[in-house]
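See the structures that follow.
In what comes next, subunit A is part of two complexes: it sits with subunit B in the first one and with subunit C in the second one.
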Partner chain A sequence: MVMRIARKELLEMTRDGRFRVAGGVVLLLLLTALGLGWSRHADVTAAHETAVAQEREIWEAQGEKSPHSASHYGVYAFKPTGRLAFFDTGTEAYTGVTVWLESHKQNQFLYRPARDGNTLQRFGELTAATVLQLLMPLLIILLAFSAFAGERESGTLRQVLSLGVRRRDLAIGKALGVAGALALLLVPAVLLGAAALTAATADSESGGLMRTLLLAGAYLLYLGAFVGVTLAVSARAPSARFALVGLLGFWVFVCLAAPRAATDLAKAYYPTPSAQEFAAALADEKEAGIDGVDYEDFLEARKQELLAEYGVDDVEALPINYGGWRFEVSEEYGNQFFDLHYSRLWDQFEAQDRFRQRVGFAAPLLAVRSLSMSLAGSDFAHFRWFAEQAEQYRRRLVAFLNNDMRDNAGAAAFSYRQDRRLWRQAPVFAYDAPDALWALSGQSEAVAALVLWPVLSAFLAWGAAARLKP
Partner chain B sequence: MLEARGLTKFYGSLKALDSLDLLIEPGQVFCLLGANGAGKTTTINLFLDFIEASAGEARVHGLQVAEHPLETKKHLAYIPERVMLYRNLTGLENLEYFTALAGHEEYSQDQLRGFLTEAGLSEEAIDRRISAYSKGMRQKVGIAIAVAKKAKALLLDEPTSGLDPKASTEFSELLKRLSGEGVAVLMATHDLFRAKETGTHVGIMNRGRLVAHLTTEEIGHADLERLYLEHMRG
Partner chain C sequence: MLFRVMRNEWRGLAADRTLWAVTILLAAVMLFAASNGARWSALQQARHGELVAEESERLEETRAELLRIAGGGSPRSRFNDPRNPAQVGQSFAAGYALLPLAPLAPLSVGQSDLLPAHYKITLESREALFSGDELENPTNLLAGSFDVAFVVVFLYPLVILALGYNLLSGEKESGTLVLTLAQPISLSRFAAAKILAHVVVVLGLTAALMLAAAVAAGVDLGAPGAFSSLASYFGVTAVYGLFWFSLALLVNAFGRASATNAATLAGAWLTLALIIPSATALIAATLYPVPSRVEMIQAVRVAGREASERGSQLFGAYFADHPELAPEGEVDPGDYYSRRFVVEDEVSKQIAPLTERFEAQIRGQQSVVEKFRYLSPAVLAQQALNDLSGTGYARFDHFRSEVGRYADEWKAHFLPQVFRKTVFTAEALGELPRFSYRSEGAGAIAGRVGGAALMILLSAVLLLGAATSALRRYPLTG
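Presenting the complex of A and B:
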């Protein structure tokens, strides 16, 4: 019975010009987005691999110089783009994927395309994720707003109900019919996406399959919620026109108004400084020191410890190179401030993300968006994971160079030279990507909202169908 | 087969149906006459459980409609004044869908076509989409749906409106055949002539009340018309 109803709904939809046009447009956009995403991803990955290889070559070929000069010469670290980022580019356009690592400074990230973007791009890049998040729900509404209201208006509902059909069978059948119509669009897209995933290089990330399956599940829950809400409204609405207007209002709230409001509110509740303010505050505090202990005091204390350790009373008498040692002390001094300021800033960004996730209980788009970016490895949490590793690497690299000078330069100062042999021994940056469970661990609210929505909407549709009036 | 006991329906303070008592046995064709708003469609809606009775009860095959909404509908077939079908499906696909929902999955395509031609639909119309159908053609599909359901009772709400005289006559023949097979029929109609021809019983309704109830054998056509007009005035 249910399958029979579903089949008829699907047959009607496929013969309906509105569905053909709307479905065709969405499918075209989805495939285009996947194609564009894929080519962008392939470009970025290729560029990344070339850059990583070249960067090491350039580093090793920097010629003879003092190790501290080499630490100023610096290296670039690149965040590998996850395989799924072609599907959802997340916040990478804003956070950047490249950072220059040098001594004395924890730098801001580079390559942030959003900085060069125009107003149109602000609205959002065309990715498969945005098509699924924004346009699919619209299509569901167009497909199903008249499911009950339209049949009631045309009078077919009276005849169907006069046959002794269970109202809930009708509701399930209609839901399956819409699902079938969506499957017609999603199956080709999923096949293309799967092909792209298989072709992508797998080394950049762990838990790829798990992430993909979870991602698919998240979108099914999200779209399922819209099917439920649409059927519930259609069953309760006095007319098809009323159902359509109401559902479009719901879409505008969920997909346009709520995300905008959530972002503004998140910024208001968890304010973050501008890049200039951040840099200025960092510089000021570094100058002033912690609890009145500025760099001179810090250095003096460490110097006394050092002299005591070697049992000498002047730096000239030390068996190590004092200059190299002092460079590392200045790193240690500076790092306290980087740790403090960056973690304070990043905690705020994460609090903003959490806030947006929580709005997902009111507007499921925010929940699926958060979860989607996270599983695609392109959200802020993944950025931070990378940035912290890059920073740890910077400290290891700079310490390696300073310590070489401390141990081997003797009495020489800047005349001390090192060459390729040392540069080769310098640590290499190896990115350790987090797995799917790590990604999920920060998404508990998004997951809860995404489970709650379809359950609640199914419940509403179930109740509305049971009380369906002919 | 169809029974109303003190069946009453209020819409606010308006009494749409006032203590209707009615019993239609298998094989009887009961024609309900009356002006628009007399309560004919209300009666049919109550038998279909589309609206809730304010008092009294409607029974189908001995079962109270309000308590057994699905079970009682298994015994009923309903043809409204304007049969509404799915525009993007053909006549055959509509029939197939409706009979399947009624629980008859067993019919072959040939049998389904048979129901449609029997109802008077032309061969070439069967595979055309409903959007190209006239009202009369849709009524014929509605008749085919009702016949294919093999119900024990028919609820007809001016089923022949929009049918041409030939189709209308064929429909009367069909009703006679079905009542001969023991089907109980409740038909709301404006057509006194048709009521006299096909009905076994006639009831006249006015403002929610059944004001006259007689068998067609008792009365000639002219008498029926006179009686009807008398009650309308009253």
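Presenting the complex of A and C:
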């Protein structure tokens, strides 16, 4: 019986002009977004690979100079774009693409691509993810708002029930019918996306397959929630018109109002400091030191340790180059403050993101958006992961140069020169992308919200169907 | 008769819970949006205050240091010496160029969260000066703000559609339409009276809420131009509303069921307010892809290396290009700072074609946007509201060119002193060029806003025309 109902629903929907037009538009947008997203992603990846190779060449060809000058010359690290980012570009337009790694300083990332874009970007980017997040739910509402309410108005519901069809079979059948109609749209898109992905994920070091599967699961739960809510409302609503208007209102709240409202609330509860405040606080604390231990004290303590280690009582008597050693001590001193201030800033951003996840319990879009960006590797947490690795690399590179000066410069100070041979030996930045489990670990609230919604909505639909009035 | 229908419509609206629900909802979102805008504006105002304070404190310290050295003290180090004009121009006296907030800034966040409203002007190249950003969580930028403009562009049309989707279909479904038309009134007059009743209610409500929102957001209505800007802000809102009223009337004129009308209007709203803008953005980005900034950085690095290798040979060409910067007498090509700025200038020259390509692509994208925006009244309205709030792209673009002009002035002031190796003094600190923003002029803004409003009005009139003709074929029965 259930299957027969499902088949009838599916047949009715596919014959319906509304479904054909709306479904056709959604499918077209989905395929366009996938295709253009893919080609843009390929361009960005190619530019990134060229840049990484070229940057190393530039570093090695910098000519003869002191290692410390080389550390001021520095290198640029370029943020790679995740393989799944073509599906969900997430925050990529709003994070800087590169950071300059030099001695003494942890710099901010530069060049947010959105600043080079057009003004309409702010209306929202058209990606496969936004089609699934915003348009698919609307399509579900359009397909299913009249599932019960429409049949009640036309009187067929009374007939069907009088035949002894169980109310819950009817509900399951209708849900399956909607799911079938959605599958007609989603299957081609999923196949295409999967083909593109297989082409991309020659190596699966960042857990591409796992991430893809989890993404599919997340969207199933999200769309499932909308199917449940729509059927529940349709079963309870006094008329089809009422069901439609109510569901559209729900969509506006979830998909349009909630993301922005949550962002403004997040910024109000967890304010972002200004660049000026951030820089001033960093400089002030660096000047004052930690627990009254400023740079001079820090250096003095380390110097005494050093002298004791070599059993001498003057830096002149050291077998190493004191200047090179001191450069590295100043790095160590400064790094404490970068660690403190950057983690404070980034924790604040993550608190904002976590707040948004929690709003996902009221508006599931926020939960799926957060999870989707995270699995696609285009959320803030992945940016931070990269930024922290770039910073660790900066410290390794600067230490390598300072230590060379310490060990090999002897008594020479700034006249000490090094060349290509040393630049070639310098550590190479190898970015290690996090795996799917790591991505998931920051998304506990989003996952909980995303599981809760379809369960709750199925429960509501179930209850409403049981008490269905003819 | 017309007025009687309107009065009856008002009674109907007042008796229906929808209007009250909508009023409360709209009031709540407007005030929420106003408080968000107020918070953002206050934050920006405070940031500007911090920058001004930091700058004047720095200048005071520099003055004191210069006087101390003039009195026989020695500078802290070779790299920290305010007598050196290069160091003064680079850091000691580096001035901020600030874009002042317009009176209506709390009503539209616009591009103000993404594009910098201040730059620190040093002797660096323009690329370096313009590359800085305010700190912000990228997810916040992605989501955008819940500001008054958002309420107007996205939610307010939905209010109009929620009240008007069954304007005629509701009467038809309840059977009152045929009864009413038995009276001496034509269908089009009846429909006109009904929609007019809605227009009066919704626009009256919106005007009151907008005024309340402006006051709640802390807009100083006494500021020059503030009141007329607010009036224009409401004017754009009113015209934009007329578009959606006309659309609701047109859809009703086809005589379909209420549920069909609701679905059709929702689809139209989705297409005009969300799909067309983001599809246009995608088309623009595909037609005029902006190369990655990564390429630019590489080009700067390569050009920088080549220029520093040529080093002292560059001086001759440099002074041929910039005779106004040439000092009297010889320039020391070994001088670190002189060399540095000459090299930097050479780098800018080398990468100019690439910079030009970037800008051409961005202009190309913007030209696609300019053409396609007429397809969506939501885009037109959003741009007009941003323009009126001083947070539109055009104003930031103008600010950037003003800053570029000031940066040139700053260089022209310092570089001859650098080449001459002038000793910088406390008196010279009082003669620095300072930035003051020259606005693009009320005419330019009025032109853009007026043009957008006119286009929206024109589309509304076209829809009304179509509705009138469709009403003649209205199926009263069936």
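Everything that follows uses one rule, which is that the second predicted complex is superposed on the first by the 455 of 470 C-alpha atoms of A that agree within 3 Å, B and C clash if a C-alpha of one lies under 4 Å from a C-alpha of the other, contacts with A are read in each partner's own complex, and residues count from 1 in each chain.
The criterion applied here is as follows: a residue touches a chain if its C-beta (ideal position, glycine included) is under 8 Å from a C-beta of that chain, and two chains touch if they have at least 3 such contacts.
This one's a predicted model, so the numbers in the text were calculated from it and none came from an experiment.
*Asks:* Contact-wise, after the overlay, does A:S146 reach subunit B, subunit C, both or neither (first, second, both, neither)?
*Replies:* second
*Asks:* Applying the document's definition of touch, where does A:T156 land relative to subunit B and subunit C: first, second, both, or neither?
*Replies:* Only subunit B is touched by A:T156; subunit C is not.
*Asks:* Quick check on the superposed pair: does A:A22 touch subunit B, subunit C, both, or neither? Answer first, second, both or neither.
*Replies:* Only subunit C; A:A22 stays clear of subunit B.
*Asks:* In this superposition, which partner touches a larger number of subunit A residues, subunit B or subunit C?
*Replies:* After superposing on chain A, more of subunit A is contacted by C.
*Asks:* Classify the contacts of A:E64 with the two partner chains as first (subunit B alone), second (subunit C alone), both, or neither.
*Replies:* After superposing on A, A:E64 lies clear of both subunit B and subunit C.
*Asks:* Using the superposition on chain A described above, determine whether A:P259 touches subunit B (first), subunit C (second), both, or neither.
*Replies:* In the superposition, A:P259 touches subunit C alone.
*Asks:* Quick check for you: in the superposed arrangement, does A:D419 touch first (subunit B), second (subunit C), both or neither?
*Replies:* Neither: A:D419 stays clear of subunit B and subunit C.
*Asks:* Which positions of subunit A sit in both the subunit B and the subunit C interface?
*Replies:* Shared contact residues on subunit A: none.
*Asks:* For the complex, give me every residue of subunit B touching subunit A.
*Replies:* Against subunit A, the touching part of subunit B is residues 48, 50, 69-74, 76-78, 80, 82-86, 88-89, 93, 97-98, 100-103, 105, 142, 145, 149, 155.
*Asks:* Given the complex with subunit B, which residues does subunit A contribute to the contact?
*Replies:* Of all residues in subunit A, those touching subunit B are 1, 4-5, 8, 11-12, 15-16, 154-156, 158-166, 469-470.
*Asks:* Would you tell me which residues of subunit C are touching subunit A in their complex?
*Replies:* So the residues of subunit C touching subunit A come out as 29, 32, 36, 39, 43, 47, 50-51, 54, 111, 114-115, 131-146, 150, 154-155, 158, 162, 165-166, 257-259, 262-263, 266-267, 270, 274-275, 277-282, 284-286, 289-295, 297-298, 301-302, 305, 309, 358, 361-362, 365-366, 368-369, 373, 378-379, 382-383, 392-393.
*Asks:* Mind pulling up the subunit A residues that touch subunit C in the complex?
*Replies:* Contact set of subunit A toward subunit C: 18, 22, 25, 29, 32-33, 36, 39-40, 43-44, 47-48, 50-51, 54-55, 58, 61-63, 76, 78, 90-91, 93-98, 108, 110-126, 130, 134-135, 138, 142, 145-146, 150, 240-241, 244-245, 248-249, 252, 256-257, 259-264, 266-268, 271-278, 280, 345, 348-349, 352-353, 356, 373, 379-380, 383.
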